[in-house]
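Naming follows writing order (A, B and C), and every chain is counted from residue 1.
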Amino acid sequence: MFLALAEMRRAKARFGMLIVSIALLVFLILYQQSLRNGLLNSFIGAITTQSAPVLVYSVDGQRVIQGSVITPDAEALVASAEGVGEMGRLAQGTFSVTTSEGAFDASLIGYERPSLGAPETLTEGRLPAGPDEAVASDVDAADGFDIGDVVTVQPGGLEIEVVGLAKDAQLNAGPTLFVTYPTYLDAVVAQNPDAGEPPPNVIALAPADGVSDAELVANVNAQSDDLDALTKDDAARETPGVSQIQSSFLIIFALYALVVPCITGLFFLIVTFQKAAALTLLRAVGAPARRLVGALLIQATAILGLGYLLGVLLYAPVSQQRLGGIALSFETTAVVVWALILGAGGLLSSLFAARRVLRIDPIRATTGAGVGA
Amino acid sequence: MNDRPIALDMRDVRKVYRVGDSDIVALDHATLSVERSEMVALVGPSGSGKTTLCSIAGGILSPTEGRIVVGGEDITGHSESQLTSFRQRKVGFVFQSVNLVPFLTARENLLVVDELGRRTGAAARERADELLDDLGLTDRSKNLPSQLSGGQRQRVAIGRALMNDPELVLFDEPTSALDTELGAQVMELIRSEVTSSNTAAIVVTHDERITDYCDRSVNIVDGKLQAA
Amino acid sequence: MRLALRELVRRPARFVTATLILTVIAILLMFLGGLLDGLIRSTTGAVRAQDADLIVYSDTSQASFLRSRIDPATRAVVEEVPGVFEVGGIGVVQLGARVPGNGPRDLANVALFGYELTPDGVPDPPAPGTAWADEVLRDDGVEEGQTIALGPARSPITVAGFVEDTSYLGQGGLWAEPATWRAVLARNRPDARLGPGVFQALVVRVEGASPGEVAGAIDAATGSTETLTVDAAISELPGVEEQQSTFNQIIGVTVVVALVVIALFFALLTVERTALYGVLKALGARSRTLFLGLVVQAVILTAIASAVGAGMVLVIDRLIPPGSIPLYVAPSRLVLSAVLLVLAAIVGCAFSLRRVLRVDPASALGSSS
């Protein structure tokens, strides 16, 4: 212990640089983890947050709520499918809105039944009780979407009051408002007085007693090739772009996860190489190889720990920021999981250096030839 | 003294190091002349100032006071870069720990000297082969230092020191890492090379046996020179 | 210099680990850059392709084609604004397309444009009922001469040929004459139906005036439009700015990591070589020569890492199934990443400069005495 820490104190710049590079990598990994989760949440948060267990799109909608259109015929086919317990319409559109803070593109989601489409849990406030009320995504509260704020649909000037907030409730990386179906229709008409009643975009379903979500999905899809029923988790996962985001980040994370152990391994290998003479001497005066390897592992642990801590400290303030419509958050699970992955990888790689220490022959101290010779 | 030309002329050289609040005199009014083909043993205990004297004579260190002329060039007031160029042209070193470049072959270790200075190319290659031949290393010229014995490495170092046809060669404990027999062989080789190349040499040692191979010995104690 | 090269050749083993790390970092940089390029390309292609100076939207549309409407009267006003040389209507509808041979639920994402002024690389509008298709639609099985069915109304469109880099918001571009687009829009998106002569936006070519001033003049003349330069219109597409700034930050920090790796590696290497440098300096080597050797080594390592990294990214590009990751590997991106890495290597080396300068040739002579 004494040996390990004394050396680190003496060679501050060297160990400092390693700690900084690990910290930067940890910061990058965690930041991108937040970014990935923020991206996914902001694109599909509303789908997982809403209460309906099964959603039925039109195949033409390509699993985008706004792109899907349910014709009356299709709606009748869904209603006649076996195992349907509850059924309600969902509609969604992007509207230009203004708040006290400025102009925004907001998604309005209109639901017929609160149990099929409203947010499952609220962080604050209540669900709309009447017309022209909404639950908003909580991350947008500061942009004029807080409880009590009034959001105006442009053009047309329909005013909607925010009465509740929900977490992870964004769609399309922008402010999202959950409103009752009639309020949604009002917004459509306010924006375009000539528009007739738009068809619903999606049909929200709950299975009858004794029917599973998957069975209901299969039953609905069997009704027609134009119907695309999905459980809500599948609907989120299958939203265009989601799997691309996930596989892109997977590759990025894998590469970063490779770099950290490589850097630690390289560092200790070189340091061990450099101190070969000193290590040989220590072995000659009776230091057991175990002790020297122990010292090396203590250093590796200390460096990885400090680097990780510094990385998390860099990450913490950044994780509270917003990137355009995407709200980042501090990902505690990611911090823990990556600590384990990088810690294990880093320590494993430093074992390469340990192997070198174990190979040192103390007799060489007497002949003047170090390990490096 | 005879009338052979003077290769090294040091007059009243002082070197004072400032350590903390006190001054340490490493070299105290040292005066030393070495002629071409002459080999001088510089004998003294550890800390007596041998290395300082060699460093100043070889243009690695600048003196605090005094005057140094090597091969007719007064280097007393030389700047660092002038000293660098001076070392390239006029001095050869053989270090205690040999210090060959580990990833270069014996021949390339000689050619390094040419690469560091103004390159002569073919002439340098010819010179290296000639020296390797003189030193009995022709069949070892393509070996890396790790493939050579201690004596062979020391011979390569001697060849490297002579590559630039120096006015002065400085040997720092050239046989300290060798056994008695090998040490004797190396000293004989140094003796003959110094004579044949008509260069001046200072051999730093605290091994009295080495003085037998030299023309004369100079003792150094506490920075002061005394004729042996 | 030659010494540095010889060391690389004779002792490659000691440089392997650092080169491997740099290679992984190079792959990261190029992959991140490729993702950014792919995302931007698939999002902005259609707008970037516009061979025009300005795009005119209606003022409440937040620069979205979908929500913008320009009627013939507004268009007439725009055409009269001084500096306006040519005006063309444009509109788009995003739909799923049924491609012959694909499964009934396996639709291709398309963005059907109706256009008047030809964008870069897109020929004049083809015959009614036909469209030029973007190359990316080949991945969905689209072929020349084929008739695909668009949207819930199954509107038939025959592919007249292929064009490149015209995707819009991740969907493959289809380019048709305005009446074809208007008919498909009306049948598949009745709520977004547009009357004859009405477009979603106008593209404007400017002559003899600055586009910025003409944009202001257009908005002042119509009182109901928001006119943007093409570049500004690209930035206004959803996600473009966020993607660019985020990826560039990540790329920037990754370059800093590369710099630190190089700095660390060469600092350690320099410490290790202190004795050798002392000897070489005693023999007459200048600090400049020794430092230059370091830089040469660093540049060669990063160049090798970049070359291997570029090769790997090209392999990744080949291996990933089309459409699974929006990776676009452009030679310019690979070169830019390599240049960034080499610069980082040079800067990283600079940290060792002080140490090289400080090596004392006197250290070569027995410092014990």
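Just so we're on the same page, a contact is a pair of C-beta atoms (placed from the backbone, for glycine too) under 8 Å apart; a residue touches a chain by one contact, two chains touch by 3 or more.
Bear in mind the structure is a predicted one, so any value in this text is a computation, not a measurement.
Enquirer: Closest chain to the overall C-alpha centroid, by per-chain C-alpha centroid: which is it?
Expert: Central chain is C.
Enquirer: Does B-C or A-C have more contacting C-beta pairs?
Expert: The greater number of contacts lies at A-C.
Enquirer: Measuring centre to centre with CA averages, how many angstrom lie between subunit A and subunit B?
Expert: Once rounded, the distance between the two centres reads 68 Å.
Enquirer: Report, in whole Å, the distance between the mean C-alpha point of subunit B and the mean C-alpha point of subunit C.
Expert: From the centre of subunit B to the centre of subunit C is 62 Å.
Enquirer: When the centre of a chain is set as the mean of its C-alpha atoms, what distance in Å lies between subunit A and subunit C?
Expert: It comes to 24 Å between the two C-alpha centres.
Enquirer: Going by the contact rule at the top, pick out the subunit C residues touching subunit B in the complex.
Expert: 2-3, 6-7, 10-11, 275-276, 279-286, 289, 361-362, 364-369
Enquirer: Quick one: which bits of subunit B touch subunit C in the complex? Just the residue numbers, please.
Expert: Residues of subunit B touching subunit C: 44, 46-48, 50-51, 54-55, 58, 60-61, 81, 84-85, 87-89, 93, 95-97, 99, 101-104, 108, 112-113, 115-117, 144, 160, 170, 172-173, 204.
Enquirer: What does subunit C use to touch subunit A in their complex?
Expert: Those residues of subunit C that touch subunit A are 17-18, 20-21, 24-25, 27-28, 31-32, 35, 60-62, 64, 66-67, 94-96, 104-105, 107, 109, 151-152, 170, 188, 191, 238-239, 241-242, 245-246, 250, 253-254, 256-257, 260-261, 263-265, 267-269, 271-272, 316, 320, 324-327.
Enquirer: Show me the residue ranges of subunit A that touch subunit C in the complex, using the header's touch definition.
Expert: Against subunit C, subunit A makes touches at 13-14, 17-18, 20-21, 24-25, 27-28, 31-32, 35, 58-62, 67, 69, 71, 94, 96, 103, 105, 154-155, 172-173, 188, 192, 195-196, 198, 225-226, 228, 240-241, 243-244, 247-248, 251-252, 255-256, 258-259, 262-263, 265-267, 269-271, 273-274, 323-326.
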